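First chain A sits with chain B, and in the next complex the same chain sits with chain C.
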Partner chain A sequence: MSTASADLRTTRRRWWGRQPIGSLFALPYLVFVVTIFAYPLGFAVWIAFHDYFFTAPGVDVPKPFVGFDNFAAVLTDPQVLESFRNIGVFLVINVPLTVVLSLVLATALDGGIRWAAGYRIAFYVPYLTASVSLVGVWMLLFSSGGLVNSVLGPLAPDPSWLVNSSLAMPSIALFVTWKQLGFYILLYLAALQGVPRELHESAETDGANAWQRFRNVTVPGVRGTTVLVLVLAIITGANLFTEPYLLTNGGGPDGASVTPVLLIYQRGIQQQNPDTAAAIGMLLVIVVGVLSLAANRINRER
Partner chain B sequence: MMHPRLAGTAALLTAVALTAACSSGGGGGDGGTSPSGTGPITVWLSNNEQEVGWGQDVVDAWNAEHPDEEVTAQEIPAGSSSEEAITAAITAGTAPCLVYNISSAAVPGWVRQGGLVNLSQFEDGASYVEERVGEGAQTYLTDDGYYQLPWKSNPVMVMYNKTVFEEAGIDPENPDMATYDDFLAGSRKIVESGAADSAIWPSPTNEFFQPWFDFYPLYLAESGGTPLVEDQAATFDDENGRAVADFWATIYAEGLAPQEASTDDAMSAGTTAMQLAGPWAIASYAESVDVGFMPVPTSDGEAEPVTFADSKNVSMFTACENQATAWEFLKFSTSEESDGKLLEATGQMPLRTDLATTYADYFAANPSYEVFADQAERTGDVPSIPNSVEVWQAFRDAYSSAVIFGKTSVDEFLSGAAETVTGLVQG
Partner chain C sequence: MRRQRGTWVRYLLLTLAAAVFAFPFWFMVVGAFQESPTNTPDRLLPTSGWTLGNFGAIDSRIDLLGSLGNSLIFTAGVLLGTVTFGLLAGYAMARLDFRGRGATWVLMLLVQMVPFQLLMIPLYVQITRGFGLGDTYLGMILPFAINTTAVFIFTQFFRALPQEMFEAARIDGASELRIVFSIAVPLVKPALTTVVLVTFIGPWNEFLWPFLITKDATLQPLAVSLANYISNVAQSTANPNGAILAGATTLAFPVVILFCLFQRYFTASNIGSAVKG
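On to the complex of A and B.
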């Protein structure tokens, strides 16, 4: 009898953990993750392998299993391949720029420069502001007759920034770098508090100059945060939508800034082909996952 | 060996995927409710202020006479477009009985979803539509049924700024720009004289519906009303399509129209002299710009060309329980009297054969709208075809590349887009 009740207790403990109250508090979040994240993800995987479209409730139409057909369709679609290439261009510019600029600026702010609080606000305000309104400002700056071209005069690119196939994606990459910078600076500022001052002092005693201290004390000291920044920048960048939708008029010019998420929106929502949209989504999940793992691995090995 | 926590997560994800698979594969039932149901209904209106005002008046008039069949009017829920909000509502089963803002291009997709009621199944359904619209009614057939009631049109014409025209040395009362050659000559005058930075500014953005406001009105005019797709094949890879595409390509190549979207209202700002617009523009620019209207140009200067109707129609949704009430209210709200009130409130043209004569008093009192009443007699619409939105998006992508940005030739665009479009239509 006593053995049985002990078994029951063990089973209960296994289910609820050592802190049942704590598990109870965590339950709402678990429900949230399951309903908002896990269920849609599972559903999307299912959709990607079927000939699927949205129907009114009660409408019974066949949605047959089609194997990898949707994946074959999107992988042979030049527009989809171009969208992944465009994201590649974006990440190559945006990710290194984000990591370098945010670390350098955070180090400068941490070093006690004058008006540090003012700079902090200036860096953080773009992050807080809605992308839609900032896009409006950038359009005024970078349109053909905009401020930037007026300043550049004869040096202004032709065609202008946002309608130039070679410059559209780099322009978006710069915009996103600038917009997100404040958040990453904040992450690095927090990390820099954790780098012991003694290390800097002893390095200084050993004759290290400012660059050497930055290179050999600061950079290794915030490596964990660098991984986080890399992964977040890759995820945010790969999910690019608002900027190509608004800043370059729906992935223009001539598809030079089309992104996978813009295509998912067009195919899944506008054109009512959620099956191919889900297949693009799955490919994106795989690409982002691999890139994030690679970022993690490379940083660990260093 | 798999870590227990990892195994748990994997099991959870598998369970979720299986649940998703089971729940989405199911369904059942015939999806329809009896068209005989009567009782309260809900209708959605576009968020245009004048249309909402008109809708509320019509609803109030109906409710006063039908206390047991009360109608509630709401604006279409916010979304990046009404089509997206409606698609979501159909999927969720929360669509109202009627929506007064249906674009023909979206109808085939919603029919496939099982979201729309075939109005032809009402005893007087098909006859009501055909009496209202006349011969043009065929355009609105989907799978041999009327899933939309043609309601109102905004025939597209060339709107121009009279002051800018005068500055450029063009007679604003008689611009004489009906042929492509004259239109291009006038456009060059506008830009070269510095009267405006650009002659015309169609939105060069990449949305699927943008062809309706640059290529398509001119194509309908040039071809005498041939739709983009006929008998399950693209029609535009011919001399008409080539003439229109060459015309716009010249406009862009000579810098007469910008390749970028305007950061403000180009007409009000005076940065362009012309726009393609419907009668809604008369009220919109009444305070800011002295505007005139002329028919869209054709290669040989056709005096009475066809143009794009830009119609908005009414559909009934399968989620509606009281479909008999909905049908009666639909007829009530599109009666001669209600249409007259719509015209007065919004300046948009009810889609009916007898427009100019039925509302002769209105057009006598509002002569600026008369030109649109005349144009409304000669309109074409988007064809009701499978994969409609995909077709227009594919067309736009190819047009954008060749005509706006000059990356490919017009011939490549026409043959390539026609092949893609025909492929999509034939499924």
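On to the complex of A and C.
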């Protein structure tokens, strides 16, 4: 009898765990994840494969399954293709600049520098500051009659940076590089702590100069972090919204700086076509996934 | 000798870079207090023309204090959700053995991978149409209500506490809730500070979501109303530059000041996934 109830208790304990109240503690978080992430994720896929449109509240109109129609519409839309091309332009400028500048500055900052805290604050503050604030400042700096052009004088581009269709996307790439760099510098700083001092010392004994040591000890030593930086830069590039919305006034000039997320907003919410917007979202996630895998692969092969 | 030259180059490089990084902030703050912010380099160190009028100018168009209040409510709501429910979840993950713990851990990792751009449309449909929470603070707060990075930070800190302490408390008959609040929380105060700081920045700087969900200007946080000013109102204003810079300064400075005061609590690994956009 008593063994039976003890057995029961053991089974129950094995099923519910030793502190079943833990489920209760984790429950609010689980409910949150299901309503904010899991359900919308499934819903996004559902919308993308249906002819989905907004109706007046309470009205129930059938929303038929349309297969890949939304994807076909999106893939033949020149503006969508241009938005993905723009992301390409962004990445080609942003990624090399970010990797090189952040690694160089982190190396300079590493190891017994005076005022290191001051430099760190200067590099990091743009990363923590709201995009909207900084976009406002850059907009004024790079406007036609702005400070940058008045410094450049006759060298100033015409039309000016943000209204020039071949300079709009590069300007955004430059802005984002500047804003995010501090974060990547900190990532590299942490990684540099993991590169053994002895390697630098023995390279120095072998007569390697500073550049050779940087090239052959530091760069391979932080390769893992470089992949992380690549992946994060790709994700940031794919997520651009505030910059084209404000800095280039809605992806202008003439859509030269339109981005997929800006299109998702315009198509899905302004023009009320959530189905094509959801399809753009899925395509974007696939592109980001493929690019991230490629970044990973390049690293492993070298 | 060569080494000395290397150090010199290093300082030059860092100082140059720091100047490039700090310059827009200098331009922003000086311009915010100038009657007409300069567009030429010779007036970057102004000696005259100081004014507070720019703050009045932007306040007359977007209700600066009201927007700041909305930003505070939005941020406070996210903080409240994260500190209560996130802390409980983190404690459970670190210290309790219960059914579904492994699955919760997997979910936490998956959440970090779901990109917001994919969720934007369905969340908008769900929260405005499904829940009817368009133009409400709750609708603004909901998608950020429990910061998963914060749950990770809590889990990490609770795990570092010695197991014997918890066992002793349980033998003495303390309930789990009592253990959390009388024993565990006082021991992880640094974690609490880190979480509050890291969580604060996200909603304070967030633009896209509150922009989607608020049409009513009296509910918009400062990031949204300043963006509206920049994209709509400024074009019809004679000299909007000073007002834009005044708004930008107001939005930027709470975070800059917090960072300078609590610098040591910010580490790259914590902030990376907490701050988006």
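Just so it is clear, the second predicted complex is superposed on the first by the 257 of 302 C-alpha atoms of A that agree within 3 Å, B and C clash if a C-alpha of one lies under 4 Å from a C-alpha of the other, contacts with A are read in each partner's own complex, and residues count from 1 in each chain.
Note that in this section contacts are C-beta pairs under 8 Å (C-beta built on N, C-alpha and C of every residue); 3 or more make two chains touch, one makes a residue touch a chain.
This one's a predicted model, so the numbers in the text were calculated from it and none came from an experiment.
Legend: residue contacts after superposition of the two complexes on their common chain; A:Ile235 is shown touching chain C, with no touch to chain B.
Contact with both chain B and chain C is seen for A:Phe43 once the two complexes are overlaid on the shared chain. Contact with both chain B and chain C is seen for A:Phe54 once the two complexes are overlaid on the shared chain. Looking at the shared chain after the overlay, A:Pro154 reaches neither chain B nor chain C. After overlaying the two complexes on the shared chain, residue contacts for A:Pro78 are found with neither chain B nor chain C. Once the two complexes are laid over each other on the shared chain, residue contacts for A:Ile269 go to chain B and to chain C alike. Looking at the shared chain after the overlay, A:Gly145 reaches both chain B and chain C. Contacts of A:Asp254 after superposition on the shared chain: chain B is touched, whereas chain C is not. After overlaying the two complexes on the shared chain, residue contacts for A:Gly207 are found with neither chain B nor chain C. One of chain B and chain C touches more residues of chain A, and that partner is C. Residue overlap on chain A between the chain B contacts of one complex and the chain C contacts of the other covers 39, 41, 43, 47, 54, 57, 136, 139-140, 145, 249-250, 269. Of all residues in chain A, those touching chain B in their complex are 34, 38-39, 41-43, 45-47, 52-61, 63, 79, 136, 139-140, 143-145, 159-160, 162-163, 165, 249-255, 266, 269-273. The touching residues of chain C, when paired with chain A in their complex, are 6, 10-11, 13-14, 17-18, 20-22, 24-25, 27-28, 31, 37-41, 85-86, 88-89, 91-93, 96-101, 104, 107-108, 110-111, 114-126, 129, 142-143, 145-146, 151, 176, 201, 204-205, 207-208, 212, 223, 226-227, 230-231, 241, 244-245, 247-249, 251-252, 255-256, 259-260, 263, 266-269, 271-272, 275-277.
Of all the residues in chain B, the ones that touch chain A in their complex are 12-13, 16-21, 24-25, 27-31, 83-84, 87, 90-93, 95, 109, 112-115, 197, 204-208, 258-261, 263, 318-319, 387, 389-390, 393, 397, 400-401, 404-405, 407. Taken in their complex, chain A has these residues touching chain C: 15-23, 25-26, 28-30, 32-33, 35-37, 39-41, 43-44, 47, 54, 57, 101, 104-105, 108-109, 113, 117-141, 145-147, 150-151, 178, 181-183, 186-187, 189-190, 210, 232, 235, 238-239, 241-242, 245-246, 249-250, 260-261, 264-265, 268-269, 274, 277-278, 281-282, 284-285, 288.
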